[in-house]
Each structure stands twice: as C-alpha cells, then as structure tokens.
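Below, chain A partners chain B and then partners chain C, in two separate complexes.
So, the complex of A and B:
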C-alpha cells in the first residue's frame, strides 16, 4: 500500500556486529590512530575537504564504526599535502596514517 | 548513612501534589482518539476516590498544537492560556490539572517564561483584558492527570478487581511504559523522577502487578513530534521513529504498552498498522500487534470496568488477546454497539495485522 511516505533506513550502528578487522590492522601499523580525539582540526585545515568531502576525522570514525566503503571513498579526495599533520594537537602523523590506510585498502584489492 | 544519602537524592526527584480541589482542562484530541479516557479519569477521581475535580465547558485549546507546529507565536498561546487561568480563578480553584502532556508542558513553559520575564506577563494581562475583559491568577500548582493517578495508585490498587498478571501462570505482564516528551524532558523537576528516572507510569504498572521492561529506545519520542506528522512530507520521520522504538522493544516481548500522552498511544497504536502494511511485520504474538493503552484505560481495566465502555474497540491493535491473558471478561457481540444499543460501523480489516 502506498501511503505517500515511507520508513527511512535506520542509521543505528550495532557495535556488537561491526567487523573491526580493518581498524585493528590500522592500529597495528599506526598505533597513533588510537590517540585521535576527533577534534576535527585535520578536517578544518584540509584543502581538499570543501571540494571532495575528504575528512580525516570522518575517515577514522567511519572505520571505527564499520563504514569502510564510505571511508575509502573519502580517502580518494586526499592530495597528501600534509597540512592536517601540522595542526594535529595529538601529534598524529595523519598523512602517514592516510598512506597506511590506502596501503591496507590496496592489500584488500590484491 | 549511604541509604539515607540515596533517599535524600531520590527526594529531589519527587514532587508534592495537592490532595484535592482541581480545575480540569481536557485535551483537544483525546476525545476523538481514546474517547472514554477523560470520562473515566473523572469517574475514578470523583466517584471512587471522592475528589473535587471541576471542569467548565467554556475552556478551549491551550494553543499547544498550533504553537509547536509553528503556526501561532508564543504570545498568542500565552493569551489563550491566560484565559484558561481566568476561568479557573472565576471558578475559585488554585490547582490546575491537565489531561494533555503538551498542555502540561505548555502551561509550565509559559509560567516559567513569565517568572523570567515579568514584563511579558504584564503584556499578556493587558492582551487578555483588551480581548475579553478577564483577569487571571497564576495557578499555585500545575499537574498532569497521570500525576494524580500516580498519587492514588495504591488506593486504586486496593480497589482492583484484576491485576496486570497472566491469569493462568500468575506471572507479571511485561509492560512497556512510554512517557510523553513534554512531561519531564522540558522541565525535569516538574515530573515524578525527573527526566532521568521518570516513574509516573512505571509506578502505576508496578503497583498494579506488572513488570516494567527496560529497552534501549525507552525514552525515544513516539514519533508524533508535531511537524513530523502534521506536514505530510515529513511523515516518514514520524513512522521511522515509531519503527525504531518497536524494533528496539521487540526482543523483550512486551504484552502491552501504557502511555500518558494524547499523541503517543495514537501513534504507537496506528503506526503498527502502517508498519505492517509497509513491511509486512507485526510485533505482537501470532500476527497481532502490541496493544497500547492510556493510563486511564489501564486503571479502568484494573478496576473492572467493561472494556467496551472504556473505548477499547476504537484501538487499531486488537486488545482481546490481552484481555484473555489477564482473564478480563468481555462480550464480543457488544464490541461495536453504541450507548443506545445500536450497532456502530465496523472498521475494515488490515491485510497483514491480525485483528479480532
């Protein structure tokens, strides 16, 4: 029956059911990923962000919540300029973290 | 000493409710949705508990629906409310009791606003005088009708003919309680248990023998949300909210839902039909839905009033399986008989949701 409106898909994330393989692998290569406090300084300074939707904060959060394909899509907008690394208050080498993530995604493709 | 400390903390979440002499204001929509609820509230308070509850046919809407739908400014709602207060003053009452949760929130919000901005109160006094030559006093106490039933829950329990237990096994019924958002989310100190531990309905359920279910989305909105439903383009948000709640409570197998707001029982009841038509899913046992009741209806059932006199035939979700579970007698032939004994129209049956 068509009511003229419908139920929106749920945005609930059940962390008991999320596959953390990718996040665990990232933390293995880049232990600093655990230091991220999601302040968003990296995203605020990102040159590519306004045009491509790239956000290091969202990439890390996405991987922590099992939204891996969304994270991969965002990573493609990165120009590896390294400005995010310069502003990170936790001293995370975000540029290197992005490269490591690309490498992990590359491993998956092979 | 620790127990005393906890007792002291809990006392901060309580509120003292005057025992008697109430000026009652009805809801705009409840008499259409759940027609016997207000009648039975008055019957229980006046006839069974012997309380003085006065109502006047001259009172109007509080303006809450229009205010929350962004169709009138707050000053208009304030002037409408000021007129209700004037009627209360003229009738000689100082304690206001509202049938509607949104009215309760609206009255409370307006009184708090006037406390913060006395110049606004003066302006509304002037507006009211210009509009209808009336003057008002701010009520000494504003309560929601469920507060009164909560206060007298043990007296009602002592008069109970039935309890919220399985008539065969003697196990307590598994009850979901849903409190209207405007009860204590706006002004936590105005509700029993505040916004963190609101116990106005769980107290009734436990007093009448039921077991309250705690589930993840327990404090989530029912889905009404005014503009979420009233604007058709937003209606998907409304049904999605309700769907989220039902998905969350489903694993706990609730027998029934009790609510204290005009919109919540309507949407939790009717959306079960819509969800069943959209997704082919029902949440009760054997293809039925989960019956949804107002607290007056539950009090009426516990006290032994006839289910059809309580208006339970107006519900979308069939209540008969629950009545049988508790052991409350009912006559199926009288389900659709009006007060004059003539048959009223029977509703069509849904394609998925099982009804009696």
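So, the complex of A and C:
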C-alpha cells in the first residue's frame, strides 16, 4: 500500500555493523593509512576536490566507517597529480594509497 | 638545626620538595592525611611517557626522604600567624613553630558519578581511569575478570571542559592517559576493538604524539572525534555509547563490553580550607591562587607560604617534580632573606 510517504533511512553510523574487510585489506598494502589524523591538508590542496568532491581525508574516513561506495565515487575525481602527498604532515604517500585503493576496487570488479 | 618548614601533602610534590630541602640542610616536617606517601601516583601502574612503574618512582622518593619528619594520617587543625612565621597545630597533637609552609595538597579526581549520563555507578560495565589503573595493579575487578572483553571505549574529558560540571578547564593529562591505557588494554586483549571518543587530542608533552601514532599504527585504536552524549545498557549488560562522529558529520553508536571514563583533575576542596588558614585564596579555576601565573606560580600573597604541584592546576609528574624543586629553592631563598 502506498501512503504517499516513506521512512527515510537513519544516517547513524552503527559501528557494531561496520565491515572492516576493505579497511583491513587497505592497511595490509598501505599501513600508513592508519596514521591519518584527519587534518585535511590533502583535501585543502587538491585541485580536483572543489569540482569533483574528491578528498583523501574523506576517502580514508569513509573506509574506516564502512562507507565504501561513497569512497569509491570520490576516487573517480582524482587526477593523480600527487599534490596531496606533498602536503601530508604524517608523510602518508596518499597518491600511492589512492592507486592501491583503485587496485583493490578493481579486484572486486573482476 | 635550621628553621622549621612544614610541607602539607605527601604526594610527589611534597616528597620531592622534602628531598630537596633535606639536601639544602633543612629537616622539613611532612604531613600526609592518608596512611601512605605518593599521593595519586601511588595508585597508578605505569607512568607515561617512559612506561616505568609508578611504584618505583614513589619508592625512590621515599628512600630519599627518610631523614624528614613524616607524619602519616595527620592533617592540620589550625594555623596561627606569628611575626615571622606560623604556629601549626596538627591533628596528632604535635604543635610546631615554623618559618615557611609549603602547600602540596594536590588534586581530586572528578567524581564520575556526577556525569549521570555516562552511567558510572549505575551500569555495571563502566569504570574510571583510576579504576583501570587499580586493575592493572591488582588484577582484581569484576567488570573485567571473567568477562569477555571484545570492545572497549574510552571517553575523554569526563568532568573537564564542562561548564555545567563546574570545571571548564582541560585536565591536560587525560588525553595521553587514555591513549596509554587504550594501548595497555590492547596488550591484554589483542583481539579487542578499542575506541577513543575525543573532542581534541591534547598531546602537548614530550613523546605524547609518538604515543598517538603508535596507538594508531601498532595498536589499531579507533579514534572517533565527538563527545559522548549518553550511555545506556542493553539486556546483555553491555553498554551502548552514543556520540556524533563529527568528522563524518553523522551520529554514531557502538555497543561495548567495557567503558572507561577519563575523569579529570579538579581542585582538592579540602585543601582550599587548609589554604584559607594562611589566607591563600582560590583562583578563578578553583585551584589555589599563586602570586601570578607566569613568573611566580610557586609564591603566594601570604608571606612564607609556597605552592607546588597540582594544588595550582593539572600537571604531569615531571612538571610537579620541577615545581617542587623550584619551591624548595624559593623557600631556601626566603629563609635566607629573613636572616
């Protein structure tokens, strides 16, 4: 029956249900992903960010919180220029991390 | 014998000051209200940043002050002002005339049960930082023993940075304590998921940021930025924590087997009464008031009365020790000028 309205899904992040498989896989290849302190330098410097929504900080956070499809969508905006790597104060090779993530997502498609 | 000096409080501050005064040739009188020396540090297990045993630090100082006059389970009953000193009456009946008094009365741990929304004393699986240190020391706590510990949370800023709780100050040592304890818990329960719920990570001290990186890299502690708003209990007796994951901008919740509250450092109310006997007031933050908070934190407006350690605000052990040494020297210089 259609009541003309629906219940909107809760935006709550339920940490009990977050699947860490992708995050664990990423940390295997890119252990430095764990080091991110969410400072936002990478996103601030990203030339593509303002137009495409790409943000390395949000990609890492998204994967930590089980928002994998959102992370994947963001990655498509990256042009691999490497500016984010230059500014990351924790010395994370973010460009390499992006490439590794694309590879992991690629594996999933095959 | 040189002039009498009374030190009130036998924590790290009082002990180190006594040690230095002994080296300077005085025979200080140290009064401690509890039945042992060491203050709060006597309750801790391992001290950041070196992770050395707290009991070694206390024992080391105890050895050094054997020559001092130490009164345990003793407090001050009253103090009378004299021309160039004070007449101090102790609860053990001893009465001394002294030239200088050091207030080393320390701090109180915030009473976690006052933050009712966190459920301390209401839900079984909620403990404080101090309770966890006790478990590290004694291995005895029914919240942990015999329980399956798979998920543990640490709540930062409990009773700190909280105007409603009457303490707008940052307690300074609890961010690093939370990270230290999170890593220790991971050592005991390697398969556990450990969460730290923080507003800011205030890791100001030597090597503290290294602890943070190590907690991320080696221990895999999950850091969630957001203040815990409420805690509830489910039918299995586990605790459910609600917060906002402010980095994601979304509410978050998680079910935990154990929740550890980082109780903050607040002023020792009883010390305020003792200090008022020598006209030392409280500062706007509730701690004892120094002459000023830049160059004269050890001095007070009362002649011959000095301060050291957490009596004036949150401090680490090395900071407390440094102040105690400075206070001993300040007392010595003061006594010299009286001559």
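One rule holds for everything that comes next: the second predicted complex is superposed on the first by the 102 of 110 C-alpha atoms of A that agree within 3 Å, B and C clash if a C-alpha of one lies under 4 Å from a C-alpha of the other, contacts with A are read in each partner's own complex, and residues count from 1 in each chain.
As a working rule, contacts are C-beta pairs under 8 Å (C-beta built on N, C-alpha and C of every residue); 3 or more make two chains touch, one makes a residue touch a chain.
From a predicted model like this one, the values you see are computed outputs, not experimental measurements.
Asker: After superposing on the shared chain, does chain C or chain B touch more chain A residues?
Answerer: Touched residues of chain A are more numerous for C.
Asker: Between chain B (first) and chain C (second), which does A:65 come into contact with in this model arrangement: first, second, both, or neither?
Answerer: So A:65 only meets chain C here.
Asker: For A:94, is the partner it touches chain B (first), chain C (second), both, or none of the two (neither)?
Answerer: Touch status of A:94: no partner.
Asker: Under the stated touch criterion, which partner chain does A:6 make contact with: chain B (first), chain C (second), both, or neither?
Answerer: The answer is first: A:6 touches chain B but not chain C.
Asker: Thinking of the overlay built on chain A, is A:34 touched by chain B (first), by chain C (second), by both, or by neither?
Answerer: second
Asker: Share the list of chain A residues that count as touching for chain B in one structure and for chain C in the other.
Answerer: 12
Asker: Using the touch rule from the top, collect the residues of chain C that touch chain A in their complex.
Answerer: 195, 212-213, 216-217, 220, 222, 224-225, 245, 247-248, 250-255
Asker: Given the complex with chain C, which residues does chain A contribute to the contact?
Answerer: Going by the criterion above, the answer is residues 11-16, 31, 34-35, 37-38, 61-62, 64-65, 67, 90.
Asker: Under the definition above, what is the set of chain A residues touching chain B in their complex?
Answerer: Interface residues on the chain A side: 1, 3-8, 10, 12.
Asker: If we count contacts the way the header does, which residues on chain B are in touch with chain A in the complex?
Answerer: 232-233, 235-237, 239-240, 243-244, 247, 274-275, 277-279, 351
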